[in-house]
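Chain lettering (A, B, C, D and E) follows the sequence in which the chains are written, and residue indices restart at 1 in each chain.
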Amino acid sequence: MRAPSPTDIAAGEVILAVENVSLAFGGVKALTDVSFDIKKGEVRAIIGPNGAGKTSMLNCINGFYHPTEGRITFRGKTRPKMRPYEAAAGGIARTFQNVALFKGMSTLDNIMAGRTLKMSKGFFWQVLRHGPAMAEEIEHRHFVEEIIDFLEIQHIRKVPVGKLPYGLQKRVELGRALAMQPEVLLLDEPMAGMNLEEKEDMCRFILDVSNQYGTTIALIEHDMGVVMDLSDRVVVLEYGRKIADGTPDEVKRDQAVIDAYLGVPH
Amino acid sequence: MTDATLTAKPALSPQQIRRIAWIAGPVLLVVVLTLLTRSGAIGPSDWTYKILVDPFVTMWSLPDLLIQTLWEGFVAGVLYALIALGFVLIFKASGVFNFAQGIMVVFAALSLIGFYEILVGRLGIPAGYAAAMVALIGALGIMLLLAIAVERIVLRPLVNQPDIIMLMATVGLSFFLTGFGELAFGGNPKVMITSALGLPTGSSSIDVPGGRINVQHLDVAAAIIATILIVSLGIFFQKTRIGRALRAVADSHKAALSVGISLNQIWIIVWFTAGIVALVTGIMWGARSEVSFALEVIALKALPVLVLGGFTSIPGAIVGGLIIGIGEKLGEFYWGPLMGGGIETWLAYIIALVFLLFRPQGLFGEKIIERI
Amino acid sequence: MSAPTHVTPVAETAQDLILAVNNIEVIYDHVILVLKGVSLVVPRGGIVAILGANGAGKTTTLKAISNLLHAERGEVTKGSILFEGEEVQALSPNDLVRRGCIQVMEGRHCFGHLTIEENLLTGAFTRRDGKAAIRDDLEKIYTYFPRLKERRNSMSGYTSGGEQQMCAIGRALMSRPKMILLDEPSMGLAPQIVEQIFEIVRDINSREGVSFLVAEQNTNMALRYATFGYIMETGRIVMDGDAKALRENEDVKEFYLGVAEGDKKSFRNVKSYKRRKRWLA
Amino acid sequence: QQDQIIFVSNTYRTGPFSGSGIPIADGTRDYLMMLNARDGGINGARIVLEECETQYDTRRSVECWEQAKARGSVLYAPWSTGAALATIPRAHIDKIPIFAMAYGLSPAAVGETFPWVFNPPMTYWDGASIWIQYIAQREGGFDKLRGKTIGLVHLDAPFGKEPIPVLEALAKEHGFNLKLYPVNPTEMQNQSSTWLGIRRDRTDWILLQGWGAMNPTAVREAGRAGFPRDKLLGIWWAGGDDDARPAGADGRGYLSISWHQVGTNFPVIQDIIKHVVDRGQSQSPRDKVGENLYNRGVYQGILIAEAMRNAQRLSGRKSITGEDMRRGLESLDISAARWAELGAPEFAAPVRLTCQDHSGHFAGFMIQWDGTKWGRATDWIQPERNRIRPLLEEGARAYTTSNQGWPRRTEACDQRS
Amino acid sequence: MFYRDAGQYKTSYAADMAIFPLRQDRVGIAVILLIAYLGVPLLAGDFAISTVMLPLMALVPAVIGLNILTGYTGLISLGSAGFMGVGAYACYKLTTLFPEVNILVWILCSGFFSAAIGVVFGLPSLRIKGLYLAVATLAAQFFLQWCFVRIPWLYNYNASGAIEVPLRTLFGIPITGPTAEVEVKYLVALTFVVILAWFASNLVHGRIGRSWMAVRDMDIAAELMGIRLLPTKLLAFAVSSFYCGVSGALFVFIYLGGAEAGTEFSIRLSFLILFAVIIGGLGSIIGSFFGAAFIVGLPTVLKFGLPTIGIPITGAVAEKVVLMIIGALTIFLLIVEPHGLARLWQIAKQKLRVWPYPY
């Protein structure tokens, strides 16, 4: 397994830059003047106490919220009022803190739904479900089966996801995001509610994705062990402000971070 | 203050600009139209004139009719609000869209008349106020029984099901009640016992500029009763512990169960209250024409009122009712003839639709939470 | 793993058990068998943890106890559940709350359209001891979770995941229960808060004698605070014992605590011998 | 096996129009049951009456047609214009005559085109003619109509729009303004804007082509709007006792067209009371017997029974078929003397149908509500047959052109009577 | 016992993605088709065909259509009857304007008119959701119904204000109009139903169907995955209205044979269709058949069936009792299985598969 070395990162280009982003809902300031960047291929962790604005940050990045101030540049392009589907088309995929799977659909269909953007055969062929449409369907099915194998969820292929236990739902959600073959993968607490073994699995999946594909990953997680082990760089938010940014070791020793978040030094 | 500080501040926020545009637009339109008609550019036979000018000219020249129209709209609005109120109560308390509210209105009114007929016709109690009151209590009893039965048989087993399933269950309920009601009371229309209940029946004419308007005492009574009902229910549900529990139940059955809110008890309370509202509605509508199963379709009119005001808001029901009532009467009266009349059937829905486009949750509805 | 034999904790005798679950079987949708004979007990004033992998049936067990299964089309088909010595299967969830057994559901379930404070107040719905007492308790919750106080007037639907979790726990505390069923309390909470929550659990437990049954993935934490633990796997209890004993067990150490051969493993070097890698192979 | 004549009759005792549907159904049923009880049927053949409930819904009416066909009914009474329209094209195929008494497709009166459809004793177009004649009488002559405004408050459905073409023609001829006030079925009980419009237009006379719950509301709204009730003229279907009664005192003076008497002072009604009602075999409450729409049901029963009698005579059989019934209807002839024989002297005008004329343009009169009951208000008024008949023929022609392949009449004309 | 998936290995994804992966299911479908095409016309009487099968066939497309909108895309609509009306009137206008073109073509084409109108009324769905949208679709229902009465051009200025279905033939055999045999009409409608159901099932199993369901289950997440909400919802509206339109044309041309559409395509019918969708099972094509059969068949069966088994009710009383039974049965069904008859069907199959073991 190849972990990117510090030099790689230094040399890496910035794929996503967040500049002076602020976000307010009425009186509530979810984010205040946050700036950081994410470089190609790295695992970037975002941590911070509850309500610090981590999820809101991800929401800004993929266009679900629009920052009240500041701007976000993705692959050199800045779009002030980006719609979520534009972000997706641009190569940003994500998972959600409160699992947001399509509850009425099976695991397979959920992951296939992640391929929607890559499918192109038109309405006419879809109606017939023969010829090109079927060929396309099979081609993507191959791809999806790869993901299913990879995530080891073969046995629940046809189970409606609403009935799956929480942990598996999170795994399916990861699968759905992977199916989009994203440039940047945003993971919002992918390991919440998992036990150790499952966390280990999840870590392995994330690392594999990062290594094999070079997919850039932004990760929100409360398990410090995971964050410290996995990430290349960490940004710490508190009350919507950035209080620290650096490698895991730097952050871990930062007094502000210890006070605000860690409680005890890890 | 220097020029620098003035220019540094953005002149107007986008919101202010929008607000100004909203006010300035119509004013400008009025000015332009006045100028155009004065100059003779558009004459009485033009479409633009007929649609944009003529109705206002009529309003101006026949103020008594305008006032009468507004009054009729007001009364209709109050009555719509009453029906909508029944829906709101149940929706607020359980997230159930009670399609059976319409038939409950008919059912309540028919039980009232049925009891009265039995009391007066079979038991020989002298017709009048006393008998009417006893019948009223009987009808309330029926509504209570109905509430209990609905809770036991329909709602309890359907806890935590999606809205649309609950909606269909109430459609099933309305089928059942329609069949049962027609079996029990017969399909014949009945005359409401208006005077026995002590409701006024006469009318007065009031002088207004340009003529006189006619006001039915019954309508005045309806407005007063509806207002009292709505205000007291509003207070009850907003300010009490039960009120909070109701809103919790509407949000999530499951979570409400888990904190120990007794859905059963709440539902009985709410359905009974809705039954009372249905009875009042039945009396008022029945007194205006007659009580028959045709009255059920009136309940459909409550739907635009409901979405306009917001499904969960008691004040919304009244405001929505008034907007729809007055809006549709004005529309039908002044613009309807241009389209061959009868636009009242859909005008209310279009008005509601237009409002919804700006506020998808209705005027007073709870915000639709979109978060991820 | 050890054989699924069930050993009743020696110290407990029937009368000081607040909760006893005897050999229950649960079926969802009339066809899906999820719990296959689960028994467990909670002594009065104890903190008992249920551990186990995803889908083991922890949540289902808790829901069976609090009678919330009906709302999900599940039913207990065998066995019995005794709360304070009485069968409770026939009771409605609100009766159970009145008797002092409340559940904090997995995945928050706050009332989205109510403010945080209103959410907390609904927790006191079954209480009859007057406004002042409720006020006091509200203040107490706010001292436990200062973050909630800051957001007290926000609709809970708009608050962050962790804030909702705190709200859900606080709401349950508001009912002054004798026993709380906690389902994954630590999920989505910052490490500090997790610690704090377990401190609160211990605090309430020791000061007010409230019993806890905690389903938790964070084995480390759970075994640190619990007195007794059960480990579930695919609908069965596969191991149980004193928290301390479990902490010492080698299997538990390796599979649940992540300390093998005395060392803490790094997540970067997860062994994946049993895992084929077919990622675009 | 006893001879029997099967008659599957549409009714609507439920739904929004049941208020009008129930008394009519009761009247017809009670009369036919009375024949069975008193005379043992018609010439010894018992009448088997099956009610098919439609709720005034076309879909169910079509189902009832199938039921009539399957049961071998000799007649189909659609009791709704929609049902009549849906079944008219099938009558000659399934050989069941359609009997739409004073409703349905008006041009169906043209027997040459519609040999299987009968709509005595008059069509809505005759009704319009009667209305205008009556107004002219009250105003003091047709020339006084010029400049007057006459409004038509009508149900916004084919039934309600039926009289419009004739009224328009009459308006042109007599120089009055015709104003239309459609009332949507969902707004039947919510007519305040309609009546505001009437007030604005200063309409002089209002014609009411309403049905079901629409009528009582209209009468009451007229009172509320201060419109003189004796200038409110209902079509015959707006003449139910339950249409006028709910308005209470406000309804006094309201007029409606009719072609038969009200009340129980006829031997035939007495017989019904004796043989059916008093034996508890009627579905009608005792006090509703003799009301206007009840008697209209009886009137229908008499016409049907007479046609059955004719059919038996023409075919020489006791159990008749639909085809026999058709011939029986075409040769229907109830003279004043026959009315008396039937126990209904002066009950209605004589009726005589021919192969050409299936409606007859028979006379009607106005009845007026005195606050508690209907009473006859005018003498007989004859519709302008010569004016209406050509219009009907034109309508029939239009029907055949829009339905290409409409068969020519092949049924022989059998006018023995 | 015969219903097992054991031993049937799928060797390709195509086989696994087939709509009926089990051999028994495929045989079952073939048998059903055979019965529908041969058994029913040969064995069932005219009465049964014309009072049960014809309305069933006419309504099934509308139920499928609404199921696509409500069951698959999660948009509740109460305007289906209005869209059916559009189809009926479009077909009437088209066939009277161009009588030489075969009526079958026009029945299909009328769907497109309905689809266009559907798209217009679907526009607000981007902003308005849930029951609010349901009420907004009522605007469509009432407005369209008003148009049918108010615009005489639509019914060719007929004095009666109604559509009269003209005689139309296929290969010289009458298929619409009074002289058409019920069996012929039935076969025509059946063919439409089979094809439309097949198309619908193809659609919902593919990419488009998945986008619809994604929007239904969680629209925000769907958008974040690159599914554009407005086009997806509008497509659902279009397809749904298309089905409703064809259904409306069939309803008038094949079943009723003439209608006073103002009252026929009323809100009542809209509710009935929604009813069928839910009873049948949201998000299930086969459920649409069950649901339609329930609403069409049950009243008729009860009304004519109860007297034949010796329960002496007829006429109005029957109607009332039937209404009560339907109401009660609906509630009962929803309690037993909120996911409708389709789910009961599935559970039955599931039990059969594991038989004789309970799980």
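Here is the rule we go by: a contact is a pair of C-beta atoms (placed from the backbone, for glycine too) under 8 Å apart; a residue touches a chain by one contact, two chains touch by 3 or more.
Keep in mind it's a predicted model, so treat the numbers as computed, not measured.
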item: Chain pair with more C-beta contacts, D-E versus B-C; value: D-E
item: Label of the chain whose CA centroid is most distant from the centroid of chain A; value: D
item: Computed distance of Cα centres, chain E from chain C, in Å; value: 47
item: Chain centre separation in whole Å, for chain D relative to chain B (CA means); value: 38
item: Distance between the centres, which are taken as Cα means, of chain E and chain B, whole angstrom; value: 33
item: Where chain E touches two or more other chains, by residue; value: 142, 146, 149, 220-221, 224, 267, 316, 319-320, 323
item: Residues of chain C touching at least two other chains; value: 32, 158
item: Chain D, residues touching no fewer than two other chains; value: 13-14, 156, 182, 184-186
item: Complex interface listing, chain B residues touching chain D; value: 58, 62, 65, 68-69, 72, 75-76, 178, 182, 186-189, 191-192, 201, 203, 214, 216, 285, 288-290, 292-298, 300-301, 328-329, 332-333, 336-337, 340-342, 344-345
item: Chain E partner contacts - residues on chain D that touch it in the complex; value: 11-14, 50-53, 55, 57-59, 62-63, 66-67, 69-70, 81-82, 85-86, 88-90, 93, 105-107, 156-158, 161-162, 165, 182, 184-186, 395, 398-399, 402-405
item: In the complex, chain B residues that touch chain C; value: 159-160, 241, 244-245, 247-248, 250-264, 366-367, 369, 371
item: Chain B - residues contacting chain E, complex; value: 97, 153-154, 157-158, 161-165, 167-169, 171-180, 182-183, 187, 300, 303-304, 306-307, 311, 339-340, 342-343, 345-346, 349-350, 352-353, 356-357, 360-362, 368, 370, 372
item: Touching residues (chain side chain C, partner chain B) in the complex; value: 66, 68, 70-72, 92-94, 96-98, 102-105, 109-114, 118-119, 121-123, 125-126, 155, 157-158, 171-172, 175
